[in-house]
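Below you'll find a set of structures to go through.
Consider the two complexes below, in which chain A is the common component and chain B and chain C are the respective partners.
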Partner chain A sequence: MTLQIWSIARRQIVRTLRQPAAVFFPVAFPLALMAVNAGGLTPATRLPGFPTDSFYAFALAVPFIQGSLFATMNAGTDLARDIQEGFFNRLQLTPLNPAALLLGLLGGVVAMGLVQAVIYLGVGLAIGVEFHAGALGVVVLLALATLILIGFGAIGATMALRTGSGEAVQGLFPALFVFLFISSMNMPRDLIPIDWFRIAATANPISYLLEGVRSLIITGWDGQALALGFGVAAAVTAAALVAATRSLRTRMERT
Partner chain B sequence: MTRTLAVAEGVAWRVLRNVFKNPSLLVPSLVFPLFFFTAFAGGLAGISRAPGFDFPDGYTAFQFVFVLLQSAAFSGVFTGFGIARDFERGFAKRLLIAAPRRGGILLGYALAAIVRWALVAVLLTVVALAAGMEVGGNGVDLFGLYALALLVNVAGILWATGVAMRLRTMQAGPVMQFPVFITLFLAPVYVPLSLLTGWIKALATVNPATRFLEAGRSLLAGAPHEVALAFGAALGLGLLFALWALRGLRSAERAGAA
Partner chain C sequence: MRPNSIEAEGLAKQFRKGPRAVDGIDLHVSPGEIYGFLGPNGAGKSTTVHMLTTLLPPTAGTGRVAGYDIVREGARVRAAIGAALQEAALDPLLTGRDHLRLQMALHGIPRRERSERADELLVRVGLTGAADRKVGGYSGGMKRRLDLALALVHRPRILFLDEPTTGLDPQSRAALWDEVGRLASDGVTVFLTTQYLEEADVLADRVGIIDHGRIVAEGTPAALKGEIGRPTVEVVPADPDQRGAVADVLARFGEPSQASPDGVAVRIDGEAELAPIVRALDAEDLHVAQLQLHAPTLDDVFLAKTGRSLEGAEEPEAVAAE
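Presenting the complex of A and B:
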């Protein structure tokens, strides 16, 4: 089983590395967006109650979540391509354990996502962001990032297994992007003056993922933010894994 | 001239029919500007309380101008995707052979992009007014704002057409899109230019999109400022990209529209 998981994970990593766009954009685009947003929104740090005097520190949480969204798309699209091109059918003729397929795919997503996360951290440190939770905080941040990657990767896999279409998986991207933008991505929730937006951001699980990551960077150890961040990530991951497992079962029966 | 117009009419009609018959082409160009408007005007309204933020008509109006100009530029880019698709499917080759005046092809695509953006502009304006946007400008000021956005729309379509006619593949999408995206976001999107600092202020100061935004916002507020400069920059870009598009057309002709 371990060998099977490793084989699938390695294949996922290698095929990602062979597509320069799949490596470059998940790293470069979130960082470019962070730079542009932080440049333009720096005056927000002068608002009374803004939690830090560096918008870069505030914004550094966003690439972690946005990078996870890209990882979701890549994993889902790759799996959909496997289904479309018949590789998935051929795989079913082998003694491969179905769980190994899912775990291997998610393993590949996590490996690539963690490389991205380390790059985001490195860029953050290079531009002078202070990491208030210290070295142990980095470990906790990577643990949270891993949980988020598994959850989002499972969402991508679910879409791929249900639809068997790369285009359908790509179509999910704008919806996930909406979740990212209608969150506390650019402003703390208590500083959002528009009621409906603040309510939407409060109901949006992405806000808690962002705030969990952000708390480690700008606050230090904030038990509530971390509990909510890990709690929401665990709930999303559990629900997504259940959905992915069911979809895998259905897909295997269908083929 | 008559034959050019006939070609333009045929091309524009076909593009618009395709767009309006195909929700996957129409919906994103309508929804994305509304989404950006919602996310920016709603989520970032708090920044209007930052010291030195002096736009008189509120943050909704401040962001409306950005999203209006962004939608204008991107309607052009979306039409460029359609041109690339026409080349990939071989339709453009037949079009080049059949058209007695090939300049009419460019004109047709541009007309289609204008009509397409006009729909977005109407929808965005209605939503913004429904959301309580304050308008300080009079009719002439607003005419100026939409005229400026129209020039940005034309510049966008000519830029994307030039790329599409040179590369002739859908994979050219990021080449059409990314420079427009970056140019727009390296302008004072969230706060006035005077509140920007550091590297982004240096870039925003020389960015032509800054002139469009600042002039557009001043027109909406009813206090026109550097409008002639913005129109000059938009016309200059339009002329430059018209040459770019025409040379792209020649490039496609030389390549036999393969």
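Presenting the complex of A and C:
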């Protein structure tokens, strides 16, 4: 089964690397958006209670989540295309273990997502962002990023397996983006002045993922933020994996 | 070792929101045989293949492939068979060699054997030169040949080929026919679906004709053609005014049959010889523009069994996986 997982993951990585757009945009777009936001929102750091004087340090958490969304959507779209074009049937005709298919797919997502994460970290360091949690904090940040990638990857896989349509998977992308925007992406929740926005951001699981990553960068070791970040990521991942496993069982009709 | 045969009894597939795509078919394909499954689009060919290859559970009936039950022993069936399905489903971003490596790894072929086996298969299907090119740049024929190689990686004893030559140019088609013939001579049982009469005629030891999910005729191509009978002779007179006289002469040799607008045709009694007909026309001083002897074809068999010609007999409704 290890060989099967590795083979599926390897295919996922190879085909991603052979599509320049699939490599470039998930790296460049979140960083570009961060630069634009930082350009406009840097004065927000002067608000009383803003947790850092560098908006880049505050916003660096966003590319990790946004990059995960990109990696996930690409993987989900690839799987849906496999179903549409019959490659999934080719896989079904081999002794492939269904769990290996899912784990291999997620392995590919995680591998590509971690490469992106390292690039975001490198860019952060290059623009002078200080990592308050130190080297160990970077390891914890990558662990949290991995958990988020698995969770989002499983959501993409579930959509692909349920619909068998690349378009449907891509349709999920704007919806997830809305979740990202209605979160504490650009402002700490307690400083959001509009009531409905603050309530929505508090109810939004994405806020806790962002705050978990962000705490390692701007605060150091914040037990509550990390517990909430890892807790929400674990819950999303568990639910998504259950959904993906069920969808895979339904999709794999083979006897 | 279990026999590399294919058997089915009353095999049927009723889709939940669709038609009864396969309506209780019986099959017996002997080890080493090439069985041609002939029918128009939507007749139930691919659905049958999907059931026999364990991709779709049947809703009724039983099937055994390589001696294993297709419902209860799916994994064993898959280990014994190779399949190239209707769509040569390949990843355009992977090379031919990448595909072979992936397929072999998923089949659990040991690492030390993979490279050698990949080279051997690439030679066999004539893709050595293109092995390290992305499949997105392959022609239709190359994709089909790679598809065949992928079906053979684990040395299956039974091979399912679902319309393997659809859309191929004549040269690629002939190359694939040669390869199928070689496989059969190696003892591989081949179950081949096709909508091409010529393909079934040339390749298959036996042919099953399927229409509306039912097998309407089965036998060797020669026996099936012999069953529906006699050849026809068609004469186009040089002078159209002589059609009546030509018809009178031809009536001595058989019963009238359907002819082209300018011609006269009879289904001839007895031996399919043209010489007596030519002599009779000459004796009456009738000049002939064209004279043709039509041997029965599998299309005539299809016509005789279903009342329709196979060419253009596509089902109006879309059938899943067809």
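In the analysis below, the second predicted complex is superposed on the first by the 253 of 255 C-alpha atoms of A that agree within 3 Å, B and C clash if a C-alpha of one lies under 4 Å from a C-alpha of the other, contacts with A are read in each partner's own complex, and residues count from 1 in each chain.
Assume a contact is a pair of C-beta atoms (placed from the backbone, for glycine too) under 8 Å apart; a residue touches a chain by one contact, two chains touch by 3 or more.
All values reported here derive from a predicted model rather than from experimental measurement.
**Q** State whether A:I182 touches chain B only (first), chain C only (second), both chains, or neither.
**A** Touch status of A:I182: first partner only.
**Q** Would you check which partner chain A:Q19 touches, where first means chain B only, second means chain C only, and both and neither mean what they say?
**A** So A:Q19 only meets chain C here.
**Q** Using the superposition on chain A described above, determine whether A:P43 touches chain B (first), chain C (second), both, or neither.
**A** In the superposition, A:P43 contacts chain B only.
**Q** Once the shared chain is lined up, is A:A61 touching chain B (first), chain C (second), both, or neither of them?
**A** neither
**Q** Of the partners chain B and chain C, which touch A:L93 in the superposed model: first, second, both, neither?
**A** A:L93 contacts chain C only, not chain B.
**Q** Determine, under the contact definition given at the top, whether A:Q4 touches first (chain B), second (chain C), both, or neither.
**A** second
**Q** Determine, under the contact definition given at the top, whether A:M159 touches first (chain B), second (chain C), both, or neither.
**A** A:M159 contacts neither chain B nor chain C.
**Q** Intersection of chain A residues contacting chain B with those contacting chain C?
**A** No residue of chain A touches both chain B and chain C.
**Q** Would you mind writing out the residues of chain C in touch with chain A in their complex?
**A** 53-57, 70-72, 74-75, 77-79, 81, 83, 85-87, 89-91, 93-94, 98, 101-103, 105-108, 134, 150
**Q** Help me check something: in the complex, which residues belonging to chain A touch chain C?
**A** The contact residues of chain A facing chain C are 3-4, 6-7, 10-11, 14-15, 18-19, 82, 85-96, 253-255.
**Q** Show me the residue ranges of chain B that touch chain A in the complex, using the header's touch definition.
**A** Going by the criterion above, the answer is residues 28, 31-32, 35-36, 38-39, 41-47, 49-53, 182, 185-186, 188-191, 195-200.
**Q** In the complex of these two chains, what residues of chain A are touching chain B?
**A** Of all residues in chain A, those touching chain B are 32, 36-37, 39-44, 46-47, 174, 178, 181-182, 185-187, 191-194, 196-197, 201.
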